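Heads up, the next two complexes both have subunit A, just with different partners, subunit B and then subunit C.
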Partner chain A sequence: MHFAIFIINSHGSLVYDNTALSDKIKIKSNDALRLAGTFHTMHSISSQITPESAEEEKFIAGTHLRDGIQTIESDSFKLHCYQVLTGIKFLLVSDVSTPETEMHHMLAEVYQIYGDFVSKNPFYEQDMPIRMTKFDKAIEKLFMPSYY
Partner chain B sequence: MFSKSEKISVELLSLTYGTFVARLLKENDNAEEVNLQLHKIGSNIGNRLIDEFLSKSRKTACKDFREIADVIAKYGFKMYLGVTAEVAKWNEDDTQFSIYIENNPLSEFVMLPIHLQQTLWYSNLLCGVIKGALEKINVMVECEFKQDTLRGHDSTEIIVKLVEIVEDRYEDDEM
Partner chain C sequence: MLIFTRKGDCIFHLDLTEKLDFSDTQKITGRRKLVFGLLLSLKSYVKMLSAEEFKCYSTSCYKLHFYELLTGIKFVLISTPKIAGDLTHLLKNIYIYQYIPFLSKNIAYELGTPIKCKHFRDNIEEELRQYSN
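Right after this comes the complex of A and B.
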């Protein structure tokens, strides 16, 4: 079961949050913003303390995106972070029994929807909050296919 | 991966692009200016297109500039224009290469009027797209046309030159 999605842009501000996937998480929009900022910071610290491996040094594009936090696990939830080469982070909060591969797969799908509905929307200004019903619908369809 | 994506007809694309360039030429009397505008528009397109490209091609980080060139020519051109391009003419330190496009779909039905043959780079949008897309993954390049069959040259050639690869840094606060 999935609880919430957050999308953080490359500068660390929250551009999209959806906690309506289930009614288990309730979070005020201001708190969500703060959370996203904090996560972005933690992620960047974690990637800075990641030891450099010989293999990584070979990559030229995207070296600045050395892997940071990928998963946070607790007794009651799992959080998976999928960072793409352009610096956008997609976060998914799910229950503990969800396998990470599934979460990763879901976020890859979300990224495709982002490419289709957000990037291609000529009225969307980059790095601004995403408020689009078509995007919302596509996300809903992905996570709650039984409704459709 | 290419079979899944939505397709539109080449005619529609090239005719739309044609009217678009014609309109720009009408609004600006200077072809140089049109070149610049096409480049700028392309760059804005590239900025947005990169996310779709990465998500659908499932490409991960490239090892070096050569791999970037390959991905652009083999996957980028294939995905958005339906043709593949050739990479050639590397310089000694691997910072500059040429892309050869054999059948540029954008210029399919086009013949340039004589007074534009020396000034207008008809498909200059492509340069902008390449530059804009790479910019988003922190690879700064300069990109320009060298030859175009529309101008009577033997081939269509785009030169891509690496300027720098930017690293994200977090500066210390000033004391």
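Right after this comes the complex of A and C.
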């Protein structure tokens, strides 16, 4: 089950949040802003404290270096972060039993919707909060298919 | 593996990769400060989302496990990202079978000071190596 979804732009401010996926957690809009900011800083610090040995391994593998937090786990929830090349982070909060691959897949879908409805929208200004009914609808359809 | 006190002083730092240069004190203290700061914000972050404690996080390069005592002493373990689940049970074992007998019951050890006990260090090193094999 998924609880909430956040989209953070490359500067660390919240551009979209949807906490209505489930009524299990309640997040106020102020808290959501704070969560987004904190996550952005934690993401960059976590990439700074990468052990040197781990980094070398990565370098040999030829993939991109120094990634930040991908998942956070606690007793009651799991948080998955999907960062795209432009620096936009997609966060998904789910319950513990959700497999990581499913969360990753969901976020990739969200990214696709973002590309279709937000990036291609000529009236959308980069880095501004997303207020589009079509986008909201598409997200709802993705996470709550039974309503449609 | 690192152990922090409630105030954020690092009292134990063990490096199993043998790549960390402990003579570069500035870099080491900077790194410890970063880890401790990150843990504090992660804790409050997780508290905001739910009432439960934070257990671990992972990046593509490493995974960090965390176990905190009621007294505020924090055990931190950094591992490869391949390990499934969290290793807080391992940290709990270290607390029960190493920390209590070798430090809490040690009259020569003053709480909150850097750990110099050789037995403690050797035992932990052995345990962690055993686990990673």
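Structure notes:
Definition applied: the second predicted complex is superposed on the first by the 133 of 148 C-alpha atoms of A that agree within 3 Å, B and C clash if a C-alpha of one lies under 4 Å from a C-alpha of the other, contacts with A are read in each partner's own complex, and residues count from 1 in each chain.
The definition used in the following text is that a contact is a pair of C-beta atoms (placed from the backbone, for glycine too) under 8 Å apart; a residue touches a chain by one contact, two chains touch by 3 or more.
This one's a predicted model, so the numbers in the text were calculated from it and none came from an experiment.
Within the superposed three-chain model, A:Lys120 lies in touch with subunit B and out of touch with subunit C [touch as defined at top].
In the superposed model, C is the one of subunit B and subunit C that contacts more residues of subunit A. Judged by the touch definition given at the top, the superposed model places A:Val84 against subunit B, while subunit C stays out of reach.
Once chain A of one complex is fitted onto chain A of the other, the partner contacts of A:Gln112 are limited to subunit B, with no touch recorded for subunit C.
Contacts of A:Thr19 after superposition: neither subunit B nor subunit C is touched.
Put simply, subunit A uses residues 58, 63 to touch subunit B in one complex and subunit C in the other. By the touch criterion given at the top, residues 47-56, 58, 60-65, 68, 136-139, 165-168, 170 of subunit B touch subunit A in their complex.
Subunit C contributes residues 17, 19-20, 31, 34-35, 37-38, 41-42, 44-46, 48-62, 64, 78, 80, 86 to its touches with subunit A in the complex.
Within the complex formed with subunit C, the residues of subunit A that make contact are 25, 27, 31, 34-35, 38-39, 41-42, 45-55, 57-58, 63, 66-77, 79, 93. The touching residues of subunit A, when paired with subunit B in their complex, are 44, 58-65, 84-88, 108, 111-112, 114-116, 118-120, 126.
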